[in-house]
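By letter and in written order, the chains are A, B, C and D; residue numbering begins at 1 in each of them.
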């Protein structure tokens, strides 16, 4: 397992995500980097991993690169298609998703996410896509992986502009409610490093910095006093084989690898 | 699921069904998992809470065999076989022992599986206002609708330790395809902790994947797939064999006589090693006479992106 | 339309039921006399009538006489098969069934039904089949038709041993609950005559006596002080054509016509 | 349903969609009823409450055309087209007018249709504990679970005046068959007071009846069936034509420029008489290039009772 001669930041992130999927059975993901990570995990560490799409497709075998979770090539040749009521009710809320992948405009210290607005909901500066399935995935997936495109105090603020998908820490502030079954965010992969939560009611801590990044740099770009793991390490660089798989077999048309 | 999913029925029952379990065997007239129920009787598993919307002959057998301590259901008769006499003896005269019963309507049982599958604490239902049923079942409760301030009844989730169903076919991973009457099978499967599916046949992955909408139960929900041809006898499998209506009619006198019923169980279930021997005991000619003539569904087109097949042929 | 030369009591009952289905679109029925009545209505008064079975089959076109609502011949060639969750939730509770047919061991003055026990539920004299879908059909079908095999004070008592399926009259005793949408029992056909309810909160009244039966006889066999309609009439006898259809086309094997 | 069920799309919209109605046009990426939405724009129907889980280009068009007063949805972007700029302008800068929004999650919208279809007063959901969403949507409420004494959020039923979907095929009675991604179509249809289904083709009764499990929407739920080939463009129909991905990409600059967007609507929708003329405006070559290569589902066997076919041949 030799390190690749060259690799991009995107490849580093995808490979890091793939390594964390070694023991997950069912992954709920959107198209893009999460799908690449699942595909790579499938080809390297975890042949039994199964991808479930929000569109209701389970066990997709696309014959060409899918342009979305509901692309016709995702359906043709899939193992199953269920309706949204079964997907969100039975598959997801029923507890059959081990890992859910989510993106976010903002994440806080305990792994709550904002995908709704920047600014105030009544008069937003930027109207974001909203929940979609995110609030449902956060509450019900075994654990949640977040891939962030930015790592700065605006994306990791001390307080979110809006809590779309609440961490179990925030849910626990409402003890009169039945608590969500999910662990919440376990892993955040950013352009600077990897943050993880060890306890269901705990906070994120920095466990890995990417090659060439220091923990001080990460702290500086984070909007709260970021905890640093006792065994902080450097993110493992992609192997030559991983990069070959990504470029030559998984995303041959460079749709997502940039 | 990995390839360990495909196992023998005795192995699956031994591994996944434990004494004291709550088990659901579902199938509404169609695809009743009789062979699996028989195997539970053979293995002498006791203390079971048996869940089944329409108990049918299968519950008469399982209750008479002594393994069932509690019945959860919504109907106490067999459509064409009339009364289930073992069930009636247990309830009307505690003979040979009382049988505690949790009683619902069909929609309420369906919603119990639905709530169980969705891991919800309850499901609301429009039935029962003015009925005596909530009075004899403390688990039928009421909540206040926050939009109107009026009450509505709710039923609790049903989460079996094991759900068992029968199906036409599955692939080796456990993607299960069913056509004809599909009952509550999807809900009962997702509601369960563990799932056994007996099938008429295992087919190639490509057969399943040619028609993904036909997959009622995706592989991630299935723990064991067991190949048990004619595993639904005396019920039927759409497109494969018909219901053994004569068997249902013959059941009434058997069920009426406790000694005869127990002898039937000893001979046909305990006295046979497995389902193949059971079919021998029933008679292969009789089984053969149940075969259906073909009536094809026709094919629909899922389409493929032109030239797509070559693009990723390595996969 | 000449009266049939001979007809049985069963044929009289089936023909009376068929006439009352002239304006119903969707009927929820079990196999047996209700199915014969729907089939007869379809061939005479109401070509658009559609039968829905508890098994989830809509628009069945059986090629041979079905031995139950879930017979394989009911499925082959049907227009639709839906699962029970859609059937009871969307088709029935959703308000798409105009008429539901129910049987009963006992019926009371306001059309509540007992199909659960004779005697006390804790120690029953006779354990009956229970609700099945009956409590659901009563609450949700537009109206309910009941065909009774007996007409005597035990089957039509002043008080039911157990209320399985409650009339809206009984539901109205619980005004703190959302009331069921259905009208409840509109029509009861017995071996002696026909009883109907005109108001959602009203009681049954005798509207027809079968040929040769007097209203006094019906009152005598009813466990409460039975109301008699001002325009009490005699049940219309089957026409020759109706009897021919029943015997020669609908139940050629005499499975239900006895 | 009688034979009046099959009507032209302009006729169905004129007869069934009224100003001020709450309408749902559903289809999750697949089978989006674009042609029906365009016809609503052509007829200038206003004051609509528009319900659609994932608004997509269709809502950008309908909102820009001025007919929509209120949006009920769970996502405010198009998967591959990015932001919907008309929607953003309305919300971020009230340009040209404010747009009231009722905002849910995907599961919550699914459950609203489910509760609507089942005529339930509410549906419980495990999401939202700790989220700010109940704070900005007073219709997300809580009830106390009578089994645990803890609270759970609920959402209210959604009962559109009219639901419109697109499908591969139907028979003349209105039995609708769909394969591929089926989304929330069954729930949205049963939730509605009136239902319009546009289809690629009407097929013989026998085609539908050969495969009754393929019928997602039985005829009793359908008021109008309209034959509108390529009626889902620029979205796709599994097995028939692919998504016009280039169109989605081209939408972003159109949507970004309010004038260009309105001109596009004037040219392609208001400037065309019907969907056939719309397709001419898009370009027949472009449409033809979306055709898929075949990938058949294969056939399953429903079976028939031997000699049954002769017994009731008169029917």
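Here is the rule we use: a contact is a pair of C-beta atoms (placed from the backbone, for glycine too) under 8 Å apart; a residue touches a chain by one contact, two chains touch by 3 or more.
Here's who's who by UniProt: A, C = 3-oxoadipate--succinyl-CoA transferase subunit B; B, D = CoA transferase subunit A.
In this text the structure is predicted, and so the values were computed from the model without any measurement.
The minimal number of chain-to-chain contact steps leading from chain A to chain C is 2. Across C-D and B-C, it is B-C that has more C-beta pairs touching.
For the pair chain C and chain D (CoA transferase subunit A), the distance between C-alpha centroids works out to 38 Å.
Separation between the centroids of chain A and chain D (CoA transferase subunit A), computed from CA atoms only, is 29 Å. Among the residues of chain B (CoA transferase subunit A), those in touch with two or more other chains are 114, 119-121, 126, 142, 145, 148, 150, 152, 180, 182, 186-187, 210, 213, 238, 242, 292, 295, 302-305, 308. Of all residues in chain A, those that touch two or more other chains are 57, 72, 75-77, 81, 89, 93, 140, 178, 181. Contact between chains, per the stated criterion, is found for A-B, A-D, B-C, B-D, C-D. Remark: chain C residues 25-26, 48, 50, 52, 57-59, 61-65, 72-73, 75-82, 86, 89-91, 93-96, 178, 181, 249, 252 touch chain D (CoA transferase subunit A) in the complex. Across the complex, chain D (CoA transferase subunit A) meets chain A through its residues 28-30, 53-54, 73-77, 79-80, 87-88, 91-92, 103-108, 110-111, 114, 125-133, 136, 142, 145, 148, 150-153, 180-187, 236, 238, 242-243, 245, 292, 295. By the touch rule above, chain A contacts chain D (CoA transferase subunit A) in their complex via residues 31, 54-57, 67-72, 75-77, 81, 83-85, 88-89, 92-93, 112, 116, 121, 124-136, 138-140, 162-174, 176-181. Listed in rising order, the residues of chain D (CoA transferase subunit A) touching chain B (CoA transferase subunit A) in the complex are 119-124, 126, 141-148, 150, 152, 154, 156, 168, 177, 179-180, 182, 207, 210-211, 213-214, 238-240, 242, 291-306, 308. Put simply, chain D (CoA transferase subunit A) touches chain C in their complex at residues 1-2, 114, 117-121, 171, 173, 175, 186-187, 190-191, 205, 208-210, 212-213, 215, 217-221, 302-305, 308-309, 311-312, 314-315.
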